[in-house]
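Have a look at these structures, which come just after this line.
Next, two complexes with chain A in common: one pairs it with chain B, the other with chain C.
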Partner chain A sequence: MIATLAVLEPLFAVVFLFASVLAMPTFRVKSLLRLYACSSIALALLIFSFAVRDASGHLYPLALGTLFVKGLVIPALLTNAIRRSGASERLQSSLRAAPSLFVTVAALLVTALLIQHLPFAASAASAHVLYLSIAVAFAGILMMVLRRDVFSQMVGFLFIENGIAAFSLATIVVIPVAIEVGIFSIVLLAVSMMALLSHKVQELYGTSDTASLRELTD
Partner chain B sequence: MHLTLAFLALLATPLFSWLPVVPVKAVRGLGVLAASVAAGFVWTTAFPVLLGRVEMRSLGIWFVDPMSALVASLIVLVYLATAVVSVRYLGHERHERLVTDRQVRLYYVMMHLFAFAMLVTALANHLGVIWFGLEATTLATTCLVAFYAKDGALEAAWKYILLCSTGIALGLVGILMVGHAAAVGGLQHADFLYLDTLRMHASSLSPDIMRWAFVFVFVGIGTKVGFVPLHTWLPDAHSKTPSPISAMLSGILLNVAFVTILRFKGVTDLALGGTEWTEKFFLVFGILSVLLPGFILLIQRNYKRMLAYSSIEHMGLLAFSVGLGPLGLVPAVMHMVGHTLAKSALFFGAGEILLRWKTTKLDHLPAVFTHAPRTAVLFLLAILGILAMPGSTLFASEYLMVGYGINTHLVSTLIVLLGLSLVAVGMMRHTLALLFEGAPAATEVPPAVESVREPWTLTHAVMAGELALLGAAGVFFLLPSGLAFATRVAQSISSVAL
Partner chain C sequence: MSPLLLTVIQAVLVLGLAPLTVGLVRWFKARLQGRQGAVPWLPYVALATMLRREMVISESTSWVFRLVPFVVCATGVFLVLILPLVSTGSALSAYSHFMLVAGVLALGSVFLVLGGLDSASAFGGMGSSREMTIASLVEPAVFAVFAAFAVASGHATIDGMVQTGGAALLVTPALLFSLIALVLIALAENARYPVDNPATHLELTMVHEAMVLEYSGPYLAMVEYASALRLTVFLLLLANFTVPTSFLFHPSAWQTGATAAVLVGTFLKLLLGSFLLALLETSIVKMRFYRMQEYLSLAFVIALAGLLLTLFL
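Take a look at the complex of A and B:
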């Protein structure tokens, strides 16, 4: 079974990328969180397949941590926060579904062209994971820019973080366990704090639309 | 050992502060005690290194060279000052029922964790720990930016956590690239992310990868520094936070983030075999960060936002100084010290005004000097200090900076001088209006307040102490021994001999 997981590496990679691409034209909060969970689980399996392929024992705890924290805890935490805040199921965006998808695909194609010129592409542990990581992080940035509600921006940040986790896998592979634990804790704390803030925003302004957050000007 | 004790004090105090059995008044006293203990331990370790009596100390994951010793010393100084001012500030707000006991506890928990995270960032030798510390500063202070949960505080907190966390995430990409360069360069896994090892083996790091890494680190952590155009969160966050915390945010956190970029610059310069490539980034972002606040300060009618834009301008000056060339690090060191002292004093003063009139808008304030002469005089002195009047530390730093700039980058220096002139005109105009004119539509001062002669408070004592230090450091840096001190600190982070 373990060997099968290693063989399925390209499938995990494709799921990891497609979850972030599909997130862009998704405007239902639950669907968006499912896509994030899906992306995180694919990332965990990707790390697991790396661990099997390279016989790297230290990657197993990382895979388990990713699966537990990003695949289960964070989506559950956010689902709970959104339910408690009474926010609308429908999320706000500056673009409709079709243009959102078009912009994302165009951005990913540009990323694919640019990545060939990166100096570290040749020396990366896995060229395709390197591409995926940058593509997913980029999709996260696009989501933060194009979306107009606090929940989508939060999920955008989480996609960026997933992209960076994959980037670390593609470049240096080995990060000390203590640092990994630190990064997981910080991400979990950041998300908890963002969830709390989004709840307060919803409570104070009666909407999660970021258009209401334009009080502070010069 | 001393550092461990300081860290323990900073970690234990938040726990005690949160315990319901500890009375709120005791929490405030405990804050001062913890800050004093931490300051004592940090200064005991840092001063011998700063004074050159002990060589730099590398303690594995920690690293105490003159630059980190200076930054750590400034962190605990501002932390101690903030703890003292908070006794007065929160005592007053609690007395007026503006904050609850729970909020007071939260304030202290986060204040101690914030100081802890800054010390970790300043003293860490491992890039992962530096990243961890920087992100922890964001998380601790987000709670403090959203402290009042009204009047735009939530907006400011949302922008702050989202932009800074994204920025620091990009910084992590840069750190990973450095690790990749180290791996490709043949360094052992265990040594990948240690700054001292990276500096030692910089020649084996791929220059191309290091260039990319530096771009990510500069943009990512530059967001935290508040370089224009990555600064949009800064005026909101620094103006909405309780004033003593604004002093920590503006006075020292920006320096901590700036020095982190300087550490990466040192490694990148060594890998590239020269300083010119990285200096261009500092020069361009520096000029932008001086010019934009210059224009905005002409129209800014909120005194806390005015101080926040002034912080962006001073980070711009620091970057400009570093961008001028290797010797620019020397005035940058002096400037860092001066800005920390003057800006924290200014935010403490702003807090006194805010406590009394409950507004940050110039259009709603009467002439402050008439009702609060002590605050007004100290605030004015701090403004003169931050505008680099002779006698201030910032006069010494800007004098050297401009002198060096005229010799190396004449046009850029003239542009910066234009920006500085705009800043000076804008800030002086608004300050004089705030202190001596008062707005026609000023809020009526409640009779009870107006009739009470302004007492000498803890805040005034702290401001006076900081201003005395600002003047003393200003004189010291003009002496040969002061110049030698600044050069030694700058040398510890420079990639070339100064």
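Take a look at the complex of A and C:
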């Protein structure tokens, strides 16, 4: 059973990427958070299959932590925050669904071309995961750039964080547990702060659109 | 087991089960929506009734109108004969080149459109115009999807692509993108939600039903049977791309135990496929026609992503 999980590793890796790519044409808060949870769970399973393959016990708590914090707690926290703020379930973007997905796919291609010139690509533990991590971070940046509302930008930030986590998995593999715990608590703290901030924005401006924040008001 | 016999078995099985598949989808859908639902084998009775009925054909139609049911039905039967639905490596499998398959699919659509136009009714023209719009948007996505599978498997025939079955997903996981795009395409090709509503005759929404509105009797039976065939072909093909090949016949590996596995497997694939289709149709709404280009460009871009990742990863 556990050996099967290690065989499925490439599939987890692609689901991890697929969720972040599919997040681009998603304009409903709940679907977006579901995709983020899906991506996080795929990341957790990826870490788990790395742990099984290398027989390294250090990775098991990391996999569990990712599953619990990023797969369950953060999506639940954000869903709750959005419901309480009373913001619109429909997210705003500067681009429509199909063009934004097209831009993301173009970014995937650029990443694929870039990765061949990276100096540390040859020494990475897993070339596939290295590519996926950079692609997911790229997709997260694109989401922050293309989306206009606060919640999508938050989720974009979280996708970047997921990409960085996968990047460290592909290059360093094992990180001391204390540092991992630190990272999880920083992410949790950042999410709570952003949730609070978005609540304030919603209260003050009556909209979650960041375009309205650019203008000076009395 | 000779390849020719496998083709015959596949033809008998799929041609026989096609109306049941449509019936199953309708039954599952009714059950999911809290209705009693007609028995799943009702389409057999309906087809038999239509075959016995007299035909009413408009005087303004030409020979094209009479040719259409035969062409549409023949394209369906041809696909059943060449594609790896129940067995791989059957006698005609060398013909399952993906360009040919896409062409045959388009041929069926084009003739259906001609049939809709030929009667010169307002509905027929409207449905035909819509169908052509959708068909032209679907085509690039079809090529991108099968190109990805061709790159991953090293075969240009769909038979070769299916020979590794679901295991291909583990070797080339980027095919997951192509598979999702294929699902989106299958929904469009079969005139299902969110592209078309197969259960309505409202002029604002119908595409496929508008084109076949003028047909009656045996001709209608042929057109309906062809669309049932198409649905069955797509369900089995999608299933064969996702599950291991142990549920498929193969000429070199033939055991009596395997026969039962394949037969039960085929039935289960159709059962599960029609349940998932019914579930999807119950949980989503039909899209506005002018949003169709967005849906189909999404399918194309996802297929393109699958192709790029297969090429570069």
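Basically, the second predicted complex is superposed on the first by the 214 of 218 C-alpha atoms of A that agree within 3 Å, B and C clash if a C-alpha of one lies under 4 Å from a C-alpha of the other, contacts with A are read in each partner's own complex, and residues count from 1 in each chain.
Going forward, a contact is a pair of C-beta atoms (placed from the backbone, for glycine too) under 8 Å apart; a residue touches a chain by one contact, two chains touch by 3 or more.
Only a predicted model underlies this, so the values are computations on that prediction, with no experimental measurement involved.
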- Query: Which partner does A:Leu11 contact after superposing on A: first (chain B), second (chain C), both, neither?
  - Reply: second
- So, does A:Pro25 touch the first partner chain B, the second partner chain C, both, or neither? second
- Task: Identify the partner contact of A:Phe102: answer first if only chain B is touched, second if only chain C is, both if each is, neither if none is.
- Result: second
- Counting residues of chain A in contact, which comes out ahead: chain B or chain C? B
- Message: Quick check on the superposed pair: does A:Ala112 touch chain B, chain C, both, or neither? Answer first, second, both or neither.
- Response: second
- Message: Is A:Phe157 touching anything from chain B or chain C once the two structures are fitted on A? First, second, both or neither.
- Response: first
- Contacts of A:Met194 with chain B and chain C, given as first, second, both or neither: first
- Task: Classify the contacts of A:Gly57 with the two partner chains as first (chain B alone), second (chain C alone), both, or neither.
- Result: neither
- Task: Name, in rising order, each residue of chain B that touches chain A in their complex.
- Result: 126, 128-129, 131-132, 135-136, 138-139, 142-143, 146, 149-152, 154-159, 161-162, 165-166, 169, 172-173, 176-177, 179-184, 189, 192-193, 206, 208-209, 211-212, 235-236, 239-240, 296, 299-300, 305
- Query: chain B touches which residues of chain A in the complex?
  - Reply: 118-120, 123-124, 137, 141, 144, 150, 153-154, 157, 160-161, 164, 167-168, 171-172, 174-176, 179, 182-183, 186, 189-190, 193-194, 197-198, 200-201, 204, 210, 213-216, 218
- Message: Residue numbers of chain C touching chain A in their complex, please.
- Response: 169-171, 173-174, 176-177, 180, 293-294, 297-298, 301-302, 304-305, 308-309, 312-313
- chain A contacts chain C in the complex at 7-8, 10-11, 13-15, 18, 21, 25, 96-98, 101-102, 104-105, 108-109, 112-113, 128, 131
